[in-house]
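The first chain written gets the first letter, and so on, giving A, B, C and D; residue counts start at 1 in each chain.
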Amino acid sequence: MKYIVEVEGRQYRIEFEGERVLVDGAPVRLDVRQIADLQLYSLLIDGESFEVSVEEEAAAQYSVILSGELYSVAVRSEDSLTGVARKPSRGGDGVVRAPMPGLVATLAVEVGDEVAAGQTLVVLESMKMENPLQAPAPGQVTEVHVAAGDAVEKNQPVITVRVSGAGAG
Amino acid sequence: MKYIVEVEGRQYRIEFEGERVLVDGAPVRLDVRQIADLQLYSLLIDGESFEVSVEEEAAAQYSVILSGELYSVAVRSEDSLTGVARKPSRGGDGVVRAPMPGLVATLAVEVGDEVAAGQTLVVLESMKMENPLQAPAPGQVTEVHVAAGDAVEKNQPVITVRVSGAGAG
Amino acid sequence: MIKKLLIANRGEIAVRVIRACRELGIATVAVYSDVDRTAMHVRVADEAYHIGEAPPRLSYLSISRLVEVAVRTGADAVHPGYGFLAENPLFAQACQEAGLIFVGPDYHTIRLLGDKVEARRFMRDAGIPIVPGSDEHPGGSLEEAAEHLGYPLLIKAAAGGGGKGMRLVRRLEELGPALEVAQREAATAFGDDTVYLERIVRDARHIEFQILGDGYGNVIHLGDRECSIQRRHQKVIEETPSRALSEEQRREMGEVALRAARAAHYRSAGTVEFLVDAAGAFYFLEVNPRLQVEHPVSEMVTGVDIVKEQLRIAAGRKLRYRQEDIQPRGWSIECRILAEDPYSNFAPSTGRITGVYEPAGPGIRVESGVYDGFEVTPYYDSLIAKVIVWGETRGDAILRMLRALDEFRISGIKTNIPFCQQLFGSASFIGGQFDTTYLEQRFSLSTEHRREQELTAALAAAYVEHAKRGRHLSRPLDREVDRAAWRLVARREAMGD
Amino acid sequence: MIKKLLIANRGEIAVRVIRACRELGIATVAVYSDVDRTAMHVRVADEAYHIGEAPPRLSYLSISRLVEVAVRTGADAVHPGYGFLAENPLFAQACQEAGLIFVGPDYHTIRLLGDKVEARRFMRDAGIPIVPGSDEHPGGSLEEAAEHLGYPLLIKAAAGGGGKGMRLVRRLEELGPALEVAQREAATAFGDDTVYLERIVRDARHIEFQILGDGYGNVIHLGDRECSIQRRHQKVIEETPSRALSEEQRREMGEVALRAARAAHYRSAGTVEFLVDAAGAFYFLEVNPRLQVEHPVSEMVTGVDIVKEQLRIAAGRKLRYRQEDIQPRGWSIECRILAEDPYSNFAPSTGRITGVYEPAGPGIRVESGVYDGFEVTPYYDSLIAKVIVWGETRGDAILRMLRALDEFRISGIKTNIPFCQQLFGSASFIGGQFDTTYLEQRFSLSTEHRREQELTAALAAAYVEHAKRGRHLSRPLDREVDRAAWRLVARREAMGD
C-alpha cells in the first residue's frame, strides 16, 4: 500500500509492503505499537524511539503531537485520484457551532437580526471562562438553535446565519 | 432479586429491588460505580466511601480486597436450590496444574512412577524463584503433559497422577 | 485534634487535604455534585455526600448545604480549599456559628483582607509599603488623584477580585468612560460600586510570601514564591526562591510579610502578595487568607507540610516551627496542567479522559484530581493537575520539569502541556528574564517544527491510516505475537543454548 | 560529559537511569528482549534495540550483544543498573576493552569485592571488623574452625551470592553432610567449590552505608540504611536513618564505611553492608559495587541524586560534595511492590496489568516500570515498583506509607501490597522492634477481618453478581446518566434558581 503523506507542506511517499516500509523509496525499519488501546503509539524508526499521540481530526487528516509539538498530517493513498484530503468545511454553510462544550451564558441575537462579520452572537461559558462565538461573515440570523442557559456539546449548531450574497438554504 | 451472601462463615441476605437495597431486611443506601472498566468499584454505603477490588474466582465466588484485607465471598440467589456455590474442585481428578505461569525447570518424574503425597513432581521457575509442584495424594504418574524447559500457562495441566485406590480415568 | 473534617471543595485540592487528613488520622467527609460522584476526592474520602447539581452555585457554593452536611455527619471542622468559598467570610462565620472549626483565619480577618481598600489602609497603617493609590487621599476627586498618580493607571473595585471592575486607563480622556464601566461592573459583580485608582507598577514581578500564624502571636514565613508567569491573571508557573531577589531583598520582604501577618493577628496559612518593580522596590498587593494553589513549592524546599500545619493550628495547637527552623533547600517549580487547547487560543477542553500517565521518579510530585475514565466537565476550573519538581539548583529543576512534561501523557482531552514545554524551554524563562506581562505580551507558542521530526509524524499518521484500512489494530499488536514467541524460545533454550 | 549511554537493564531501574540522563542531556540507548518491546524503558529512551529472546541469558545477560549494540550505536558509556551484569567483572572489563565507560567501579574492584573470602581479607587488613570466620585461620581444618567459632554457624561459598552454597549448621554432626551439599551447590552455581564458615550474628540488623567515591581519593557517605526487613534474603522494606543506631554508632560506622571505600580506592556509587548485633557491635558483611534498589531513600533525605552523581563521576568529574555538605533531613522509607500473591505463599503472579493507579502527593515518590496494558512475564524479577516516602519523622513517614499503599491500585495481577499494609501497621515495625529474622519468623499475614468490613465486601460481591446477571455493567454506569442529568440541570438553572 502506498501513501502520499503531507506534513506542513512537505510530501513523503510512504509504502507498506508486508513487513517492509519505504520512505521515498528508501527502506526504513519501523516498529509501531499502540499503548493500552489509547491514541498513543510507541515508534521505533531505525532504532530511534518516539512516543506520539495520533488523533484523527477528519477523514485521513491527523494531528500528531510529538515532544510538545503539533504536526498536521494528511494521508492519502496513491491510488486515490482526488487530492490530499481536506477538512470538511464548516461554517461555509453559515452554521455557527460550539467549539467546545459549555453553557450558553448570553444569547446576543435573535432570528432576523442582521449581523456583521466578527459580531458576537453567543457567549459560551466553560470552565469559568467566557468564550464569544462570532459571525463568520456578514448576514442574517435565520435560526437560533439554543436558549440562554442551555448546555451544549462540542460541534452542536448554535446559530445559523444566511451569509449575505449567498443563496438561501 | 434476593441473594444469600456468605463472607467468612457469616451470612447476609441482600435484596436488590430496583433502586432499593435491603440487608437482612433493613434498607441500605448503596451507590456503586465501576472505575474505568476495571475490577475496581467505588461504593457509597449510607455515605461511607469504600473502594474495593472485586475478582470473580469461580462462578458466584468472589475475592474482595478492601483496605489491604482479603475477603472470600460466595453469592447465591435465594431461588437457587443448591447450597452456597463452591469452587470447582481441582486436583481431585489427579491432574496437577501449574499454579502460575512459568518455565519447567526440573521434571522429576516420568510415566509409571509411583509417587507419595507431597512428593515433588516438577519444579516451575517463575520470576527467578523455584516453585515445586507436589503430588496431591499417593498414586501413579499416568501422564506427563510438559517437557523440561517448556513455558506453561497458569492452570495448564502438568502431570496426571492416578490416585491410589481411585478408579482409573 | 480534629476528629472529622469536611472538605468543601473538589479536584486536586480536595484530594490534597484528604491525604493530609489520612496521615493525621482525621476522618474525612467529601461532598460532590451530580457530575462528581466518581471524582477522585469522593473515592479517597471516608465518607461522601451528594450536595447538589453541577453548577457550583447549587453545590460547592451552597453554604447552607455544606454546613448542614458537616453537622449531620458529626464533622467538627471544615476545610474550604481554595476558590469556591475559601475567601467568603460568610462561610467562615456560618461554620463558626454552627460550632465547626473553620480551617482558615477568623472571619473578621477574611472580611478585612477581602476589602481591598480596607486592607490597603490597614497595611499602610502597619507601615507596609503599598502601591500608590487614590484611596490614600480619600478627600479629593478621582481626577485629581489620577493626575497625582500619573498615567497609565488602573481602576480597581474595592470589593474586587478576578479582574471584574478592573480597567486600564492610559490618559485623562479615558478616565471618565472607564470609571463608568468599572463602577457598573463592580456593582453587578459585588453589589458595591466603590472603585479606586492604583498606579501601574512597570516591569513588575509578582512575588509572594507563604506565612503561617497560630493565633497565639507566633508567625513565620516559608520564604518567597515567584509567580510572574501569568495568563489572563491566572498564574501558570510558580517557583521558589525567586531569581529576581537578592538575599537582602528577600530578608527584607520576609520581615515585611511577617509584620503584615502580625498586624492582622494572622492565624492559619496565608500568602502576602507583593509587586516588585525593576528597581527592586516592592509594594503590598494583597493577602490571600487561604491555602494557595502553589503551596507545594514551598513545601518542597522547606520540608514543612503546610496543610498538616494548617490543620494542627486549626485544632488550637501552637506553631511547631520557629523562623530559624525554616531552612530552604534547593529549588522548586510548579506547572499547572490545564484542560485547554493551546493550539486553539486556550479554549477549554472537556470530555472523558481515556488515559493518564503521570510523570514520576526523583524530585517530582504530582497533585492531580483526574484519572483514566474521569470526565472533565465544563462546570469547574480547568486545572486538572499540578506538576511540582525539586532540584538542587534552578537549572536542575527546569530540566527535571522538562523531563516531567515530556513523560506526562493525557489522552481524551487537550492540555496546555505542549505550551508549557515550550515555555520551560524558552531562553527568557531559563534566563529568568520575565515579568508579569511576559506570557501574554512576549511569549507565543511556536508552530515551527524540527524538520527531522516531520518524518516521524508522517510515519505515525501513515501507519495509523494504514492500520485502520487493514484493520491491523483490531487487537493489540504485540501481545499474541510476543506470547507465542516466548513459548517457542523457552523451549529452544531448554534444549541447549 | 557522557554523550550517549546504553542501559544494560530493564524495568524500574532502567527507567530511573534514563530519567537521570534526560535531565543531564545524555542520549539514552535502551535494549529489550522479545517480551519487552513496549516496556517502559523502551518507551522513554531515545533509542531502543532488540537484543534477544526473553530468557535473560539470551538477552540482558549477553555481554557480547550488549557491547556490540553500544559500539554500533555510538554510545560512549554503559550503565548496568542492578542485578543482571551489574557485579560481573567480565562485563565491566569487556566495556572498558571496547572503549566504553562502565558506570561503576573499576573491574578489578568488582572482582575483588565479588570474592567473599578475598573481600573479607582485604577489609580485615584495612582494620574493618568482619564477622568471625574460618577464613581467618586458613591453616586449620574446618572442623577445628567450627569448634572455635561455635554453633550454630553458616557455611558460605567464597564465590557466593543469592543463598547458593549457603547452609545453616546447628551442631557438629551436621557439619560434614552440610559441607558436602554446600560444596556441590557452590561448584554447580559458581564453578568453584570453595566454602568457609562464618559465625552467626544473633538478633542481627542489616545496616548499610551508601558511599560515593570519585577515584581521585575523595569519598563520602550519604548515611545509613536499615534493611533488616527481608524475606528469602530479599529486602522488602528499607529506611533511613536506622532507628537502631545511636548518633555515636552512626558516626563510627560511617567512618568505617569510608575507611573501607578508601582502602578499595572506590570509584562510583556503592554500598558497604554491615550486620549489627543486639549489643551494637557491627561487622562488615560485603560491599555492593553498584547502585542499590534502595538508593532512593538516601536521595530523599540528603537531596543528592545518586545516579546523576554516578554519571558525573563516570565521566571523570570529581565529587561535587564534601562530607559536611551532606545534611540528612527527615526520614525516608521504601517499600518494594512485588508481583506475588501474599495469600498464596507469595507465589509469583504474572499477566497483563489492566489498570494502575500509583499513589502521589506530598512526600511520595514512585519508581515504576509498569503501566496499564503492560504484561508481567515470568522471566524477570518480581519487583514491579517501589514506593518511597519522606516524612519529617519516622512516624510521619510510616503514616504516609500507609496512605500511599492504601491509594495504590493494580488490577490484573496480584501484589504484596496487602501484606505490606499489615506490616507497616504492625506494632513491631512501628516500634522498631525487628531484626533480619522478623519477617520470616515472627510476622505473618493476618486473615482476621474487621467485622464491619465484611458487610462492605458482601455488598460489593452481591452487586457485581447482580449486575452480571442483569448485565447492569454492560456499559459504564455513571456516564450516560450523569451527562443527561447535567444538561437538564443546566437548563433548569438558567431558568432561575
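Everything that follows uses one rule, which is that a contact is a pair of C-beta atoms (placed from the backbone, for glycine too) under 8 Å apart; a residue touches a chain by one contact, two chains touch by 3 or more.
Because the structure is a prediction, the values reported are computed rather than measured.
Among the remaining chains, those touching chain A as well as chain D are C. Separating the centre of chain B from that of chain D, both taken as means of CA atoms, is a distance of 31 Å.
Taking the mean of the C-alpha atoms as each chain's centre, chain A and chain B sit 50 Å apart. For the pair chain C and chain D, the distance between mean C-alpha positions equals 36 Å.
Among the residues of chain A, those touching two or more other chains are numbered 33, 35-37, 51, 103, 151.
Listed for chain C are residues 37-38, 44, 355, 371-373, 377, 379, 406, 476, 478, 486, 490, 493, each touching two or more other chains. In summary, the structure contains touching chain pairs A-C, A-D, B-C, B-D, C-D.
Contact residues of chain D toward chain B in the complex are 55, 232, 339-340, 343-344, 347-351, 354-355, 377-382, 405-406, 409, 411, 417-418, 421-422, 447, 449-450, 453-467, 469-470, 473, 476-478.
By the touch criterion stated above, chain C contacts chain D in their complex at residues 15-16, 19-20, 22-25, 34-35, 37-38, 44, 53-55, 57-58, 296, 299, 303, 305, 307, 329-330, 352, 355, 357-358, 360-368, 371-373, 375, 377, 379, 392, 396, 399-400, 403, 406-407, 476, 478-479, 482, 485-486, 489-490, 492-493, 497. Considering their complex, residues 1, 3, 5, 7-8, 10, 12, 14, 16, 21, 23, 28, 30, 32-41, 43, 45, 48, 50-54, 56, 60, 62, 64-71, 73, 75, 77, 99-103, 125-129, 131, 151, 154 of chain B touch chain D.
In the complex of the two chains, the chain B residues touching chain C come out as 31, 33, 35-37, 42, 44, 47-49, 51, 103-104, 147-151.
The residues of chain D lying in touch with chain A in their complex are 30, 37-38, 42-49, 73, 371-373, 486-487, 490-491, 493-495.
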